[in-house]
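What follows is a pair of complexes built around subunit A, which joins subunit B in one and subunit C in the other.
Now for the complex of A and B:
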C-alpha cells in the first residue's frame, strides 16, 4: 500500500472549473492547476492507489450514469481515504479529488444536465451530503459503516430512493439514527421510504434527536414503518 | 436546572422524581457531527450539574455548538392529555446554546457591519411604519443594520438559535429576506463609491466588492470587475442590466429557495 499526500483546491481554484471542463471538452493542465493546489493542513495521506484501481475498474465495467457505480465505489473510497472528520470537513479536499484526481469518474457517473447541477458534483461539499460526487460516497459510508462492516452502506446504495430520501434530511447527520433508519428501511418500497422519512422527521419536532440511542431510534422507526406500509 | 423548570414541564405527581435525563448535544456543521454527552440519567432533580465535555479535535473544525436538553425518559401513563409532554424522549426543556470556536478564520474576526435589534417606534432616528429592518449609512465608514423589534413575535423568532423545527426555518427565511435587501444596498453603494483608480475608501466596501464583483462579470480580475460595476451603475443605459446581474448573483449567493424548501418540508409539514 502506498500512501499519497492529500491536497486541496483553493477557493480561487474553483474559478478554473468552467462549462467545457465539466462537459469533458476541455482539460486542466498541471500548469494551470499548480497555482491553486496546496497540501492539506496537517499533511494527511491516503491510499489513493486503491481508489485509482477501483475507479479504473468502474470506468471500464459500468455504463455511463449507472447508479450502481455508487455501491461499487463507496467502500473502496472510504477505506482508501482513512481520514479524520476534521480533514473530511475541508471542502478543498473534495474539490481536489473531483476536479484534479477523478474528473472522468464524476462525468462518467453524472450526466451533464445543467451547469448548476454539474458544478455541484465537482464543487459541492461541506454539510450538504448530496452534493460533491466523491464527498457524498465517503460521507454516506462514514455514517453507515460499523468498523469493517459495510453491509448497511451496501444496502443504502442498492436503493437510490433511500440515498435521496434519507441523506437529504438533517437527522442523517446523527449516526445512531441514520444507521437505524437505513437498517429498518432496507427492502422497503419507495413509497414506504418516502413516508417513513417524512414522518420520522415530523416526529423530531417533539423528540430530541440526540436523546435517542440506536436501539430507541430503531424502535421508533420500526413503528413508523409498520404504519407507513 | 431551576426548580421552576421542573414545575413547568412535569405534572405534580412527577415533580419529586422527574422522569427525565439531562444531556448536552455537541454539533459541528462542518464535520457533519452530532453527538451528546449524558449528564444525568433519570431521575433528574433541580440543582447544579458540573459538566466536563471532551471533544477530539480530529472530529471537529470551525465552530462547535453545545446545548443542554432535558427529555422525558418514560411515557406518562394514566389519564388523557393534561398539557404536559407525555411521551418518552420528548424534549421538555433546553438551555443556552454555547459556541466553541475551534478555528477562527482571519476574515471573520470582525463583522463588516454592525447590527442591533431595537423598537423603531421608540427611536426618532429610525423610519416610521412597519419596517422590518433599516440599513443605516449615516456613518458611511461603518453601516449599521437595525432590526425592528416592535413586533414581539418577530423579534423573538429572530433570536431563536436552533437549526431545526418550524421557528428556526421561519427565522432563516426572514433572514434571507433581510440579507437580500441589505446586500443589494451594500453592493450598489460600494460600486458607486469606486474612484477612477478603482479604489474605495472603506473596509466594508472593499469586502463587498471582493466578494461579489468578479462573479457579477464572470472574470477573475477583481479590478476589471470593479471598474465595470462602477461604469454600469453610473450609466442609465446599463443600470437596468447591472441590477439584473446583481439580482441573479444574490439569488445564487443567498439561495432563498433552500430555506424556503426547508420551511415547507420541516416547519410547515407540507
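Now for the complex of A and C:
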C-alpha cells in the first residue's frame, strides 16, 4: 500500500470549474491547476491507489448514472481515505478530489442536468452532507460503518430514498441516531421512510438528540416506524 | 468609391473653435479624470447611457459591442473617411508634440505603420431615442456632441443624471475621437436619418502654420455659417449612410445610436489585451451590473468580435445567479432561511422628506430579500447586497459580511423604487426611485447625500437614507439569524417590521408599517393545542378586515410540516364570522370591529406522544389583512 499526500483546491481555484469542464468538454491542465492546489494542513496521507483502482473498475463496469455506483464505491473510498473528521471537514479536500483526481467519476455518476446541480457535485461540501459527489460517499460511510463492518452502509446505498431522506436532515450528523435510523428503516417502503424521518425530526424538538444512546434512539425509532406503517 | 462619395468626403472637414486670446486652456479633457477608468467602468457607463435612452414601449433596449480590427487597405480607406489627411492627422501630430500629448504619439505611429492594426469598438444601441435635437437647444444631440458634464435624460427613472458617463467614450479612444451615427426616433429631422458626426477632444493646441490657439474640441462635420458664427453641422441621410459604411459604423434603420471609439484602448493598462479577452470582460461586467434589467427583459447585451458573438446571459453567470434567485423570489412570505438556497424577504419602510417645492411625498418601502448560500455557490460576491432601482443597474454590491456567521452566508438584494413591485409601480415606488436617483453621485455607485438631493428635497433626506440603510442592516440580521423565534429579536428590529406572532404587543405609527397589533399564545394541554390571542386594528379608518389563523409543526432543523388542523375558534365580539378551510381558521370582521379576542383548540389527539413525533415545536401564525376604504392593503 502506498500513501499519497492529500491536497486541497483553494477557494480561488473553484473559479476554474466552468460549464464546459463540468460537462466534460474541457479539461483542466496541470499548469492551470498548479497555482490553486496546495497541501492539506498537517500533511495527511491516504491510499489513493486503492481508490484509483476502485474508480477505474466502476467506470468500466457500471453504466452511466447508475445509482449502484454509490454502494460499490463508498466502502473503498472510506477505507482508502483513513482521515480524521477534522481533515474531512475541509471543503478544499473534496474539491480537489472531485475536480482534480476524479472528475470522470463525478461525470459518470451524475448526469449533467443543470449547471447549478452539477456545480454542487463538484464544489459542494462543508456542512451539507449530501452535496459533493465524493464527500457524500465518505461521510455516509463514516456515519454508518462500525469498524470493519459496512453492512449498514451497504443497506443505505441499496435504497436511494434512505440516502435522500436521512442524510438531508440535521440528525444525520449524530452517529448513534443515524445508525439506529438506518438499521430500523432497512427494508421499509419509501412512504414509511418519509413519514418516520419526518416524525423523528419533529420529536427531536422535545428530546435532546445528543442525549440519546444508540439503543435509546433505536427504541424510539422502532416505535415511530410502527406508527408510520 | 463613386463620384458622390468623393464629394462627401471632400465636404467633410475637421472644425475647431479658435479660443481667442485669453481663452481658458485645457491640458486635457477635464471629464476624463472624473471617473474610474477600468473596462468594467466603461461598460457600466456606456450601457447605462443606452438604457436611459430607451423608448417607452415594451421592447427591450438592445446594446451590441462590436470589435473591429483594421489593417492594410481597410485601414487606409477608414482613415480617408475619418479625414486623417483632411485635418485630423495634422492636429494629432501637433498635439503629440505638446507636453500633454504623449499618448497621441502612439496613435500617430500606429497609423503610419502599415503592419499595425487599428482597433475600433462600435457600441450600437437599438430601440433608443437616438441623437435628437439640434446644436442650439437642450437636446440629446447637444448633450453628447456639444456639451461637457451636461445631461439630457429621458425621465425621472433614468440611471444617469450628470452627463459624465458619456465621457468614457473619449477616455477609451487612443485618438480621443468618437464617431456617432444615429437613427432618430422623433424630432423635426427624423425622416432625414441617419445622422453622422465625429467629435475629438484634444488638449488646447496650436498648428505650426498659424498663431491661433484652438480649443480642444473638434468635429468632423459640414461647417455652416449661422448668425452666431460658424457651427459644426452633422451629415444627414444618404451622405451620412455612405460615410458610415466607410467608417464601419453603419447600422440598421432602427432607432438608436452607434458610437465608434477610434483606436480602443484601456487607459489603465499598458499591454494591449486580445479582443477575445476584452469581449469576455465586457460580458462579465454587463451581467454583473445589469442583471436586473436583463432579467426583467428590459435590456439585451451582446459582444461581437471578428470570431464570435457572446450574449450577456444571467443564467450562465454563477457569480450572479444567487442574486437573480433572491430577486426572483423576493415577494416570498418566508422570513427565515433554513436550508441553502432558501430565499426570505422583508419590506424596509422608507419615509422621504417633502420635495423642495413643499409637495408631500408618500411613504413607501423597498424590498430586501436574501438567499442562504450553499458551499457550491460561486462566492465572488458572497455576503453582499445588490442595490438597484428601476433602471435595473446594480448601483453597488454592499458588503455585509459582518452579518454572516458560521455557515450562514448569503446573497442579498435590495430592490428599490420601480424595481420593487412585480406589477405596476405605486406612487411611492416612483418617488423613491426619483429620490434614489438624486442620491447617486456622478459615478452612480452609491446612494448618499448629494447636492442634487439638497436641491430636490427638503431637510431630512440624509436621515431618510441613514434610516433606510440602518433598517436594511437590521432586517438582514433578522433574515440571516437562525430559527424563527421572534422573541430572540431585539426590540429595535421588532419595532421596525410588521412581524406577527407570539411576543409582546407592539405598535408603530408609520403608515408603511404595521396596521395591526397582534398578541397571541399557544400551549399543548395533553391532547390538543389551545390557542388564544388578540388582534387590534391600528388605523382609525378602514373598510373591514380578515385574519387567517393556522398551526404548523416544525422539525428540529426548522423545516415546516403540514398544518395541525384547528377545530374551532371562539370570538367574543359581534360583527366577526369564523369559517374553517383545510384546518385553518378564517376570521372576517366588518368595519365596526377594531379589536377581536379569540380562543380556540386544535383537533384532539388522545394518543399524542411527545417522543414519537405526534407533538412537537409548533408555530402559531396569524396573517391579517386590512381593507382601506379605497383599496386592499396588508
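In this text, the second predicted complex is superposed on the first by the 229 of 229 C-alpha atoms of A that agree within 3 Å, B and C clash if a C-alpha of one lies under 4 Å from a C-alpha of the other, contacts with A are read in each partner's own complex, and residues count from 1 in each chain.
Everything that follows uses one rule, which is that a contact is a pair of C-beta atoms (placed from the backbone, for glycine too) under 8 Å apart; a residue touches a chain by one contact, two chains touch by 3 or more.
What you see is a predicted model, and the numbers here were worked out from it, not measured in a lab.
> Judging by the criteria at the top, classify the pair subunit B and subunit C on subunit A as clash or fit.
Aligned on subunit A, subunit B and subunit C clash with each other.
> With the two structures laid over each other on chain A, which partner does A:15 touch: subunit B (first), subunit C (second), both, or neither?
A:15: touches subunit B and subunit C.
> A:126 contacts which: subunit B (first), subunit C (second), both, neither?
After superposition on chain A, A:126 lies in contact with both partners, subunit B and subunit C.
> Tell me which partner A:158 touches in the superposition: subunit B (first), subunit C (second), both or neither.
So A:158 meets neither subunit B nor subunit C here.
> Looking at A:223, would you say it contacts subunit B, subunit C, both, or neither? Reply first, second, both or neither.
The answer is second: A:223 touches subunit C but not subunit B.
> Given the touch rule stated above, what does A:170 touch, subunit B (first), subunit C (second), both, or neither?
It touches subunit B and subunit C both.
> Could you look at A:85 and tell me whether it touches subunit B, subunit C, both or neither (first, second, both, neither)?
first
> Using the touch definition from the top, say if A:202 reaches subunit B (first), subunit C (second), both or neither.
Both partners, subunit B and subunit C.
> Go through the superposed model and pick first if A:37 touches only subunit B, second if only subunit C, both, or neither.
neither
> Considering only touches as defined above, state whether A:210 meets subunit B (first), subunit C (second), both or neither.
In the superposed model, A:210 contacts subunit B only, not subunit C.
> Considering only the stretches 59-67, 113-121 or 383-391 of subunit C, report the one that runs into subunit B.
383-391
> Overlap the subunit B and subunit C contact sets on subunit A and report the shared residues.
The overlap between the subunit B and subunit C interfaces on subunit A comprises residues 15, 126-127, 170, 201-202, 204-207, 209, 220.
> Residues of subunit A touching subunit C in their complex?
11, 14-15, 19, 91, 115-116, 119-120, 122-128, 131-132, 169-171, 198-207, 209, 220, 223-224, 227
> What residues on subunit C touch subunit A, complex-wise?
316, 318, 321, 340, 374-380, 407, 553-557, 559, 561, 610-617
> Along subunit B, where are the residues that touch subunit A in the complex?
On the subunit B side, the touching residues are 21, 23, 25, 28-36, 57-62, 69, 71, 85, 87-91, 163-166, 214, 220, 265-266, 269.
> Which positions of subunit A touch subunit B when the two form their complex?
Listed in rising order, the residues are 12, 15, 84-86, 88-90, 126-127, 129, 139, 143, 170, 173-175, 201-202, 204-212, 216, 220.
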